[in-house]
Structure formats: C-alpha cells, structure tokens
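Got a structure for you, written out below as structure tokens; questions coming shortly.
As written, the chains take the letters A, B and C, and residue 1 is the first residue of each chain.
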C-alpha cells in the first residue's frame, strides 16, 4: 500500500513550507489555526491524564514501599505468641540462609492505652531486634526525628511523632502504658498476674468464675526518641520497645508475634517461590506449630489497601479521559473544516489522478499527524510537570496562602495557612515514578482516538469531486 | 484496455451533454463527432459559455455525459466505471487549465512530481522525471521555488510540466494563456504546440484567441452545441 | 460559527460541566457525611477544655446565648475493652451526665440512636456496631474495661471494671463505630477513677457553624481563666484542608476541558471572521463600530457557553441522582475492558471491579452533595471560557477596513 505520497502531502499541507533562509514568503510556515488548535487541544487534554498516572503511581509506590519496609515486611510468618527471642533464633538463622531472603527478624506487636500527664491515647507497641532499624530499606523510610531510634532495656520506648503529639509529650518524658494481662482460671484474686515479668500488675483483680479474666498491667516507660515514617495512616500509633520488654509485656490477649522477612526483589513475580523456600526452611525447626498457610506475602497482607488504591487510580484516569475524548472530537471538527478549506486542492489532486483512497489517506494522515504531535506535546508536558510535582505543589501552596491571607485580611478574620500535602493524609513528598509502559498505552489511546476522529472528515474529503474545479473556470 | 495505438487518439461519436436546472434543460453539446490521430494538435474555438470547457472536461473524464461514445487513448469512457477514472486521469490525460492550479505549499518540482508519486512511482523516480520535464519547459533554474515566488508564465510552464509527468496520450488545455501577457502567451503557445512532436501526445486546446487557434493542426468551432471544422 | 460547530462546542462544554458536577458532587457527598459525623459527634462546633468542672449556672448561661443550639459537658479517656473471647480493643470513652440526650439531640441522631432511648444509659457502656462485632458481644453482654487514674496523692492506679453493653450505635463513620463508647459520668461508678484526671470538656453546637469566631468571643467572657476554646476549623484543620485541596485539584484538572473547547471556539470564530471580512468591511462602511460587530461574536460565544452550561448542569444533576446505578454500569464497563485486555494478554482481568466496593469503603450507597455556589461556579467558569475565547477571536474584526470595500469591486 502506498502511504508515502499521502503522508508527504498531508504533512506539507498541515505544517506548511519548511523554513528556509530568506523571509518574504507570504504563507506562514506551521499548521493553520484550526489544526494548530487541535494539536494544542489534544496536548492540553493529555496533561491531567499523564499527571494523574504518574503522581498516583508515585503515591501508591511511596505508600506501599513505606508499608513494606517499615511495617508489613515483604513476607510474614505468623507465630504463636508464646514464642521467645531464643526460640526464634534458630528460625531466623534458617531464614537468613534461604535463597532470596536478605534479612529476617522476630516482631511482637501489642495494643494498649498510653497515658501521659496531659493526655491518653491508643498505642500500638512493636518490639523488634535492633538490626531491623539498620536495614537499608527500613532506614530509607523510618526517619529519626528526635533522640535515639533504638530502645534498650525494659524502660525505654521510642514513639512515633503523631503519637507523641497526641500525648503531648517529648523525648525525656515518662508515659504509662496499660495492657491487658491474662489471669488464668483459678488463679483468682490477689495481686500478681500471669506474666513472669514482675512489672506492676496489681490492681483490682477480679475474682470470679468467668472464663476470661484480665488484669490491667501498668508499665512505665521513658521516651528516648521519636521517629516518623512520613505517612500518618501508617505510623500514627507506633511505639517501639526492646525485645526484652516485648517478651514480658506483649502477650495474650492483645499481642501477636511473627517473623518479618525482607527479600531481594519484593516486586518481582518470584515471591511465590520465596514463600515455598521459607516454608521449607522453617518447618523442620517448628514442627509443633508451623503450617505453610501461616506464610503470607505483602500483596496478600495489604490486599485491601492495594485494591482501594487501584480503584481510585482507575476512576481518576477515567475522569481525566473525558478531556481526551473532547479533544479528539474537537480534532475531528477541526479536520472537517480543514477539508473544506482545502477543497480546491482536493479537486486539483483529483484532476492529477488521485483516487478516493488517496484523498482519504491524505486527510486521515493529517489527522494522525495532528494527533501524534498533540500526543507528543501533551505527554512531554505531563511528564515534565509530574517530574517537578513537588516543586509545583510548593509553589501552588505559596500562591494560595498569599491569596487566602489577603482575603482573610479583608474579611477581618484570621487566615488559616493551607498545607496542600498535609502529612496527616498524604505523603509529604511524592516520589516520581514513570511507568513508561502505561504512558505508552495512554499515548496509543490518544493516537487511536485521533485516528477514529479523522475517519469521518477523511471520508467526506473523498466525496469532494472535481466539479469544484470546473465550476471555477 | 488500450487496443490500437495506431488508430485515433480521440474519438467522439454523437456526444450529448445536458445541464439540468430547475428552470430548463440546457443542451450544451448536441451530438459532437470528433476524431483526432495521435501526435496531433487541435484547437476548438468558441465564445464563453459555448461548452468548450465542458467538452474538454468530458474528454478528460472530469465530467460524465448523457449520450454517445467517447474513446480516449483506447479507453471507452462510455463503458468506464467510476473506479477506473483515476487511473485514466493519471495515466492517459494531462490537464492544463487557465489558472495554474498549482498547490501553494509545494515547490514547482514537487508539484510536478506529485501526480507520478501518487500514481505509484518511487519517490526518486518521480522527482527525477519532474526535474527533466521542468528543464524541457525551460524552468530548470526555478524548480525549487514556490508558486507565490514564480511569475505567471513560469507557473503555467510548471503546470504544463505537471500535465506531462505521467506520459499522457492526450493533453487537454483550457484557455492556457488566458491570464498571461502577450510575451508569455506566445512562449506558452510555442511550448504547447511543440508537445505533439516532443512527446507523441495529442493536444486539444480550447481558446477564444484566434491567433492561438490558428497554430493548431486541426481547427474547430463550437457553436450551438455542434462542432464545425474551420 | 455554523450551527453544527456551535452545537459541537456546546456539547464539549456540557461534557466538562457534567464531569465536574458529578465528580464534585460525589466528593462532596462523601466528605459531607464525614464532616457531619465529626461535627455532631467528635469536634462539635466549639470544644472548650477546662481545668475544673463548669458550674451549672455557667453552662445554662452559655446555653442561653443567642446562636448557641446546645452545650454538653463530658470527660474523655482511653480504655481497653476486652470481650468474652479475649479480643481486645482500644476505646475512646466519653463519660456524660445522665439525660444528655435532651441536651444534645443532634448527637443522638448522628449516632443513629432513637431520641427516646437514654444516652448515656445508667450502668451501661454504649458502643458502635463495629466495636460490638469485633468484641463479639450482643446488647446486654458484658465487657471488661481496663484503664487507669492519675492523681497527685495516689500516683498511678490501675482500674478495672465490667460493664454491660447497651444498644449499639451506627454513625456511618468507621472510626466512631469501632472506637467510641459512652458511659454515664457518675461518682459512684467503677470507672469514675479513670475519668478523674481527664479535663472537663464542653461540646458546644451553634445554630450556624460559620459563626464560630463571634461565638468564641461571647463564650470566652463567661468562662474562667485557663479555659481553652477550640473551633471546629482548628480541631479538624488538616482533614478539612485535605478535603478542600482535593476538590480544588479536581476542579483544576477537569476544567482543562473548557480550555480545550475554548481553543476550538477561538479558531472557528477566527475562520468565520476571516471569511466574512468583506461583509464586515461593508457593515463598517455603513457606520457600524468595531464594538458593535465584536459584540455579535461575543454573543455567540455567550450562547454556546450558556447552552453548554445548562445542558451540562441538567445532565450532571441527573447523573448525580442516579449515581449508584451509573457506578454499577461503569464497574461493568471496567470489568469488560479488563477482560478484553486480558484476552489480549495484558493484565490478569480478574479482581473486584466494583467501584466503591463495600469491603474497602465503609459505605453502602454513594451520597451526593453539591452546593448551589459550587454549581454556579462551575457554570460561570464554563461560560467565562467561551466568552473569553470569542472575545479574543473577535479582536480580528478591527482588521477589516471599510476603504477596501471600494477597492475590490
């Protein structure tokens, strides 16, 4: 099929003469108004699409990476809550030797209530070996804000900044933590709880015949540092204690224990293999409780988080796609006008032997070139804006706050400075993740829509007959 | 579909063309008979509106006709389906109009090459052919200029070169010098009437200029829908 | 512009207006639900933190101020609740005086409870339905509550109490339904110690919450030194800020549609003007001014904008009213598209493609809420873009020279 000549004619008619030295040519080089507008239209409509694509991918990756490196790990193996650091050691050794595993720790989690002299709040305590904090993945996202990051002994605790704020405390202050401790049936009243810790577990112990009997255990901690993972949904209630404190405090009923494992390539498809390797490594060491179903990968653990992100992203893309649709229809209408403008040229070409198919190809080609140029423009602009999105947001914030201050001043009210990326709800800094495959898909869609929009005008062009020419002369 | 090239390049028999309008039916051509051998030239004179343009259009398959037979370069236009028209137009006939009708976005060279390029010739070959033809019409030095940069005479020469690029058997010229001054007109006249010996094509020229008409081998007058030899 | 061009442009504008109305309406609806719940249940319109209990006369004085619709005094503390199966939950428990349902009926309503039922209930703990489900308790069953009290004399003392659960409430907001509880504020209650060190708080609701600034000033006069008054704006500053930002961003991005259509209108009009230069020159020769002629084109732009905004608003409101059905269809479309892509080898094609599927979003039907001022703003933006485009294009009118009319003939 001959496409050389239609494209040559289309490109030249659309874009005008190539520039040469020597001004004075009457015709303007470059696309005529309507088609230039169509190029611009497609370009502009692609900007929000590409921006949303890149920024949402960035936020999703930023959030999931944070979760993976600081909380959920890449793979988890649930363990019974009575497991001790000592018991765990042989499992951890075995895991570290497993293919694909880069590191492993035992973590104990427990919930309770923290009380300071000024406030109280829920608290989610985590006890992990110190080497966790030195892992490169963890260190990347867990930032030390104040004091020390690693608690030692039974009395030291490191709080997340959000929790410290809620409790109105800072490094060096004391807090009390209430956890439930299980009083086994029959032990009845009197002081002394079930745990061998010796921490103050006195209180109104309840004597009765009920199946579950819990006493509040009070533990006193000194805050030795505050940390932040940069995302409040993740670290809002965090507090870190040492493994030794965890063993005594974080027990049934409010605690859970598990092995946290990090791998070399968490995003690859090899996670399934690692699951099997982990099972193989651990089962000989814990024959009494280990089952393969206890091993879970991070996509399984954070499935709902991931899915809700995916839905939000799809919806946003769909909405931004409406702009592209409008721009494509716009292109079709501009092309129709272009056809009418060039009726004479069409008649001349016909008299020179152009077939219907050639004429159609010329204008379909013009539509494709327009769409292609617009796509190039829009994708480049979108990528550029997304690359600099953090700077852009900072600039926008500055502008909005100035305007807001101005309006508030006029109204006689204090102005509230607005933070666009409030750390309470978003990442403070959006990482830029360009998935070129997806961008290419968007570009392809844009070009396909342009082609579709060109079909009708191109067909109308082929209907223009040579009689135009005859009538004129 | 072209059989004998030794026979007439153009043959019309009983050609009838009517223009229908709401008020009346205009019988423009009422039974035209014409025979023209290859490599000959013929002029058709007539007042404006007499139908000479129409006759040329029909011979060039730019217009359909209502009755009669027309055979051009072996193609029987009375039997040619719509689909076959482009091939006929690009391969058999070359047009030169009163207005040059060059595409303004393309240089003289590109304008001349386009019909060949569109007909399927490789780009290099089409461009080469165009260059040769422009040289033959005396435009070698001006081939890279755009129509807006050429004089009236130069534009018409380029138009003639374009008409020749696909080696047509028949060249149809409709008032080719109508817009030119005397000097240019003379040059063009010489060029056009030199074409039969230069290319072997048959030339039909429609004009109301007597001087122009008298340079042709065969001369006709078109009046009241009928063709009369002069 | 030709009629078909005008219709096409109007359609483009309408598409933009419709998209904006539906998106802002859904965002507004989701946000409004949260805002209402927060304002009724947690932040009130003003939260006053005191060092000592507020005497009843002062409370009454506050209630009689103009613009105040209710004032409720309470204390809050965090407690651990354990159900019969051992599952543990942290609760933010609010201790209120008996008959609070009369003092603040809108709180009761926001919790989805009946106004006839007492809030709080004597000797009972009222929990949200997520909390009761997690703990595994039916109304009337008992939970154990663990807490502590702090005082200068005794230091830190652990507290434990058992309480029955009353009827559970449902606010529609997950944080409350899973983490909030109400108990009576009584001296003799086993939990009294847990609240003894908590600061007394007054939750005040206004007839118009945007009057918070002036109300704060009026109330401050009635209160002792050391009282801190926090407006709802400050209490939820980051939340409301985030909502406002999200809406603004969406508005910005979707409004680009207006720019795209505006460019189209600009070029179409330019072309028309260019082709009618002769006519325009004649008009000018007959005495018409540039402005008169420009106005014709601007009026066309206005017409396109008005038609597009009207059609788009109507369509947008219809879609909003039937949003749940629409989302079903959209989800079906997404599923089909994913299936098609999977057939081509891209992606897995499986997965839950219900948008707003209930397992991830704590709502069963999408609420829609868009204010009149938002609708007007959207319409105004749409019309402004077409008028601006026409205005820019119309500047070309001044290029037509009456003198040339004679020259060409």
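Observations, loosely collected:
Simple rule for what comes next: a residue touches a chain if its C-beta (ideal position, glycine included) is under 8 Å from a C-beta of that chain, and two chains touch if they have at least 3 such contacts.
These figures come from a predicted structure and were not determined experimentally.
A count of contacting C-beta pairs for A-C and for A-B identifies A-C as the more extensively joined pair.
Centroid distances from subunit C, each centroid being the mean of CA atoms, peak for B.
Rounded to whole angstrom units, the spacing between the C-alpha centres of subunit B and subunit C is 75.
Computed centre separation for the pair subunit A/subunit C is 23 angstrom, with centres defined by C-alpha atoms.
Rounded to a whole number, the gap between the C-alpha centres of subunit A and subunit B is 69 angstrom. Contacts from subunit A toward subunit C in the complex involve residues 33-34, 36-38, 40-41, 44-45, 47-48, 51-52, 111-115, 117, 120-123, 176, 178-180, 182, 200, 202-206, 210-212, 214-218, 220, 252-254, 304, 307-308, 310-311, 314-315, 318-320, 322-323, 325-327, 329-330, 333-334, 337, 341, 413, 416, 418-420, 422, 424-426. For subunit A in complex with subunit B, the residues that touch the partner chain are 2, 4-5, 8-9, 12-13, 16-17, 25-27, 344-345, 348-356, 358, 466-467, 469-470, 472-473. The part of subunit B that touches subunit A in the complex is made up of residues 53-54, 57, 60, 62-63, 86-87, 89-91, 95, 97-99, 101-106, 110, 114-115, 117-120, 123, 146, 148-149, 162, 166, 174-175. The part of subunit C that touches subunit A in the complex is made up of residues 5, 8, 11-12, 15-16, 19, 23, 77-80, 82, 84-88, 90, 92, 144, 146-148, 150, 156-160, 162, 179, 198, 213, 233-234, 237-239, 241-242, 244-245, 250, 253-254, 256-257, 259-261, 263-264, 266-268, 270-271, 330, 334, 351-352, 355-357, 359-361.
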